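First chain A sits with chain B, and in the next complex the same chain sits with chain C.
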Partner chain A sequence: MELFFQTLGVVLSPPHFVMLIAGVLMGLAIGILPGLGGIVGMTILLPVIYGMEVHSAFALLIGMVAVIPTSDTFPSVMMGIPGSSASQATIMDGYPLAKKGEAARALGAAFTASLIGGLFGATVLTIIIPIARPIVLVFASPELFMLALLGMSMVGVLSGQNPIKGFLAAGIGLMLGALGDAPAVPEYRYTFGFDYLMDGVPLVIVGLGLFAIPEIVDLLIKGRSISKVATLGKGWLDGVKDALNHKLIILRCSVIGVIVGFLPGLGGSVVDWIAYGHIVQTSKDRENFGKGDIRGVIAPESANNAKEGGGLIPTFLFGIPGSGSMAVFLGGLLILGIQPGPSMVTENVDLIYTAIWSLALANVFGAGLSILLSKPITRLTIIPFSYLAPFLVLIITFASYQASRNWGDLIALLFMGILGWIMKQYGWPRPAALIGYVLSDNLETYLFISVQRYGFSWLARPGVLALALIILASVTMGIFYQKKKSPGS
Partner chain B sequence: MKKLRHVLALVIALSFIAVPNASSADFSGKTIEWIIPFSVGGGSDVWARLYAPFLQKYLPGNPIVAVKNMPGGGSIIGGNHFDSRAKPDGLTAFGSSGSTTFPYLLENPKVKYDFAKYPIVFASPVGGMAYITPKLGVKSVADLKGLKKQLAYASQGATSLDIVPLLAFDILGLKVKAVFGYKGRGPGRVAFEQGEVNIDYQTTPAYIKNVRPLVQQGQAVPLLSWGVVDDDGNIVRDPMEPDLPSLPEAYEIMYGKKPKGPAWNAWKAFFIAGFAVQKAMWLPEKTPDDIVATYREAAAKTIADPEFQKIVEKSLGGYPQMAGLKARKAFDQVLRVPKKDRTWLINWLKTKYDVTIK
Partner chain C sequence: MKKVAPNFNIIFSACLPVVFAYGVYESLSYMYLAKIFPLSISLVLFITALINLIQEIRETRTASGVTEIIDAGTADLESQWDIPMAQVWSKLLVYMAGILILYLFIWIIGYPLSITLFIILFYRYVTETGWIGAFIAGAAGMGFLALVSKLLTMDWPQGLIHLPWPLG
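This part shows the complex of A and B:
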């Protein structure tokens, strides 16, 4: 315990603190730029940390990665463009709020939720790390398959009034995810002779193609500003109050965030959708979801910041990454001469504490700075979009090209953009397609492993049965509330 | 101005006198692009980034050595790019790994690169150690003989580096079911800890940090190391875990004779490609001899640097790194793999795992 607070002193000492702030500023910038997320940030910083003192390097890397899910809310809320893959679900209700001129309120709520979620993640990391190994080990391949299935069950609530289109869209997503190398056999699927497709279409391109391009096209066609009203309505303080009024939602979604983060192999990129789906599913009054319900902003934003705390657990304890950015972070650890493993808890506990403090402090600074920035930045929503569009197209193209630095990235972006626009025009739920895409690899891999290893006996594992019950309950609850609502509406 | 010219002339003259034997290549103000066909943060990327600053220090003119990641197609895309685009001017280099060499050896038709054509600069070995669950009562390799129980191994794929462990298990006569689909050795190790599989191997750094604690807690029983190649090309005990027998020793313990035959020959070839010279730095075909010599000298100086030795101990498994002709000699063993051994392996993949290379 003494060491725990000693570490705070280390983190607050000038050389480390400067690194932490540098990391936070960089993370905020990367988060604001549409499409760029933790992986890009880590990639930029990795060469920098060479030869750096370990605690400073930790402050820099973790400071950066901790605040990306905070500031990536700006483009998601204000332009309907995912700031990074962690804030895709925030678009669902954050963007309609911006259209109503309530961008500041949405941002205020989002940053408050991010802050609390991030602190929650850091706290859980502190408490759980000595006992986390057995918990992680409970989730073997069959359980991970069931968790992916639980994620897929969110498709229903995300499809609104049109479940059939939702399921078909999810199917399109699953097929998109199947492009490229197969998870369990040395085969390449649907590459049509293009080397580019050997690794499938990158997530960032699917996200930007499905959400950013259609939005830009439609706004340009309409030829107006993002906000339908010329003046900005409620301010960020209202958003903070909104968030504090929904403390339980923040808590529930933070728990979801931590769990998704610390389960290796689930990948962090669905956490926002799972939190969003959860909140829609468990709300009795859901008419306003998708039209600007503040709860739809709070839920994903608390989950995506909480995820980073969870994601550090498998990275430190098992040397396996809990998310894409953690995979690069793992390389950073090796460059710093740290081989992660169970002995981290005994030999390098000071580093874990540094990570925890960096995470917590970065969340505080990140949320504070974002709130300060929100006032000038929200003004962007009332200027004519035609001034913004060229800049946005440039950024999005640049972000896509970072995926694999191949011309194929740009062509893929174009194709995904066309697909997204068509889906938007005909009311096909794009979130369902995205969830299908993100989960397809997990679903296939873990099912494949489960059947190879256990035959059909995996179906009788207690963990599998428990998760099956949860899926059943969540789907039933979703249908029940839907039914109860429909006769009246 | 005149004075400046004198000084310049003097500097040029001195530089000739000072290093009479050094090669003429000079990279002042240049940037060297080192293509790594894997993504940032992966094993090969880390390896390259650990080497880069030292190469920068020891290459004449201190050029910037920039790691350029070009992932895709299991490193084939980066390899093909290097083969078709790199100019032999010493400003582009390539870093290969076992995952780059295997498709080359297996004659994957997508592979356009050819290691026989490129000058090698240096190479880095790594080792591997296999271990088993204590639940089967196995205390050492001697107990493996006659083990009836079906074992399971968490594999990344039959044509990946896992050829080495899978074929090793086969040679030792173990009944091992390969469960495919795991994303690497890390998830494989977690699967072992979960009891999802019961036999596994890890490369040396991960073994030391993650498996030794399991051994101490009685949750894993170490079996053997793959071994290391000595100066005469024989496979001997791994100095990192000297209590464990190497694969040929393990075979001898179990069967009382030395391993031989096509399976053994193929294993040895793929073991060398995947472990003994796992990673290597290459220059393009037809790179002038003086540039190659300059690079090899810089690599030799890097390896001799005590600072770098610390990095080798800490992050690269502690194995002796090989520069220049030593690396050449080691990699020659990979290039010399007889056609019949490769064909044997391709057939083995086909009959055992129903995998066709295409």
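This part shows the complex of A and C:
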């Protein structure tokens, strides 16, 4: 407990605090830009954190990712365009409210819900860490391998409508991760004779190629018009009151957010829809949903902020990312020289607390700044995308080149961009590929240690058998559920 | 939601078994500890990719020559076009060509000057601002690049022609 409050002092010390605020400001900006979400934001920051002090890097990364679901509400409410995938459901009722002249009310309710949801996620993370500690410590390499496999199977089954495509997308990621030097022996795999590929394709390239380039190209092709922007209007306090009057909705949807964040494969793009669906189904008077019901704003907004706290749980404890942005965060941890997994709860508990405080404070600042700066931010949302696109190309190519300072970075970025665009176009879940890529190294290392240490007897360990059963059950249920769902849809 | 797609989807699906088959073939030549992981994954993926391909070909046939795919919209911000697909492809090719030309310039004159020219021309002809606005944007881009590279000691690709800092 003492350490918990000591860490608050560290986070509030000037160098860290500046980083946290820088992260929050960047997160707010990325949230406002349509199409760009947590994955791209995190990836752009990776070259920046090389050599940075660990607590500062945490403040920057978590400060950024925590507030994206707060500020992405602006374009959803004001223009009916999602600022990132986590705010698609907010459009359903947020945009009709804005058209009625109640945008300020919708935003007030959304930011209050976001704040409470985000704090709820941070609280759950705080409570889970000491409880999970003894459980996590009994996990050895064989169990961790099976857990990573469970993560992969859930990613495959849950991340798309077609489990086979989800599974294959995750597999593409695994193979991408297997490129270059093998972890156990001096062997370079699938290099096609290129020296560049001997170290594998860097995470920055995979993240930006798969996620940023397709989004930029699509937004340019669409060339969205900006004629439909609503005015802010008044009613901020009404919105805050609305949110506080629906405390139970916020609480329920925050729980949904944490659970969805925790489960690998279900990321930001579904959490808002699940919360929205839940609130529509459980409300008696549902005739106003879709026409500007404030509950339709509160539900997804509390869930999408709560999911970050949930997503950090498997990332820290087992090294298994709950979503695409957590996959990049995991890569960031490795860059900082931290091995996520059970050693986190013994050696680096202070870092987990830094993450929790950063998450909580970022949510407070994010919501506060969104309200204070609502007028200039609203003006920012109406900037046509073609004004931003060349600068995004600059940031992306420049950030990519920092990965290994080699021409190969730029060429690999282009290839990844084309792959990402095709995957996006034809419904291959890209987050699954990213999670597969990040887990590839861990999976191989755990497998290698298991075989070296236990021979094939590791397969008979009770934990391994139990996890195998869970994997089998989740895959079977997933496929059964999809089959049942697909004939009518 | 349904959308009509050209058979590029099938082409992509048909590439996957080939890629994974190569994964199997190539991994056979590695040392045991380096082989076991890629070999086992690519073997499983090869079979899965074949099943997926067969499924997609079947779906295409039942849809009488037109591929109708159901969005995997839950997983991603999927593309929904309100312009004809042919137009999407032609625009895509134009933007890709733009990036390739940018790369060519980076190779010849280096990164800072190329990206500055890219911003200026993009603002002038895609965003359709005046020349003054375009040059201000270009200067802002170069200024940002110079500042960030100094502050964070970042590097950029040098061109064949060496120019003085911050141009090359």
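A few notes on this one:
We adopt the following convention: the second predicted complex is superposed on the first by the 268 of 489 C-alpha atoms of A that agree within 3 Å, B and C clash if a C-alpha of one lies under 4 Å from a C-alpha of the other, contacts with A are read in each partner's own complex, and residues count from 1 in each chain.
What we mean here is this: a contact is a pair of C-beta atoms (placed from the backbone, for glycine too) under 8 Å apart; a residue touches a chain by one contact, two chains touch by 3 or more.
What you are looking at is a predicted structure, and each value in this text was computed from that prediction instead of being measured.
In the superposed model, A:Met175 lies in contact with chain C only, and not with chain B. More residues of chain A are in touch with C than with the other of chain B and chain C. Once chain A of one complex is fitted onto chain A of the other, the partner contacts of A:Ser404 are limited to chain B, with no touch recorded for chain C. Legend: residue contacts after superposition of the two complexes on their common chain; A:Phe448 is shown touching both chain B and chain C.
Once the two complexes are overlaid on the shared chain, A:Ile335 sits against chain B while remaining clear of chain C. Of the two partner chains, chain B is the only one that A:Ser141 touches; chain C does not reach it. By the touch criterion defined above, A:Gly207 lies against neither chain B nor chain C after alignment on the C-alpha atoms of chain A. In the superposition on chain A, A:Ala184 makes contact with both chain B and chain C.
Of the two partner chains, chain B is the only one that A:Pro264 touches; chain C does not reach it. In the superposition on chain A, A:Met198 contacts chain B only, with no contact to chain C. Comparing the two interfaces of chain A, the one with chain B and the one with chain C have residues 47, 184-185, 405, 448 in common. Residues 42-43, 46-47, 50-51, 136-137, 140-141, 181, 183-186, 195-196, 198-199, 264-265, 318-320, 327-332, 334-335, 337, 339-343, 404-406, 445-446, 448-449, 452-453 of chain A are the ones touching chain B in the complex. Chain A makes touch with chain C in their complex at residues 35, 47-48, 82, 85, 88, 159-162, 164-168, 171-172, 174-175, 178, 182, 184-185, 187, 189-190, 215, 217-218, 220-222, 269-270, 273, 384, 386-387, 389-391, 393-394, 397-398, 401-402, 405, 407, 410-411, 414, 418, 421-422, 424-432, 443-444, 447-448, 451, 486, 489. Of all residues in chain C, only 5, 8-9, 12, 16, 19-20, 23, 26-27, 30-31, 33-34, 36-38, 41-42, 44-45, 48-49, 51-52, 55, 69-79, 81-83, 88, 91-92, 95-96, 99-100, 102-103, 106-107, 111, 115, 118-119, 122-123, 126-127, 137, 140-141, 144-145, 148, 152, 154-157 touch chain A in the complex they form. Put simply, chain B touches chain A in their complex at residues 39-43, 45-46, 49-50, 53, 67, 69-74, 76-77, 80, 110, 152, 157-160, 177, 179-184, 186-187, 189-191, 193-197, 205-206, 208-210, 213, 311, 314-315, 355.
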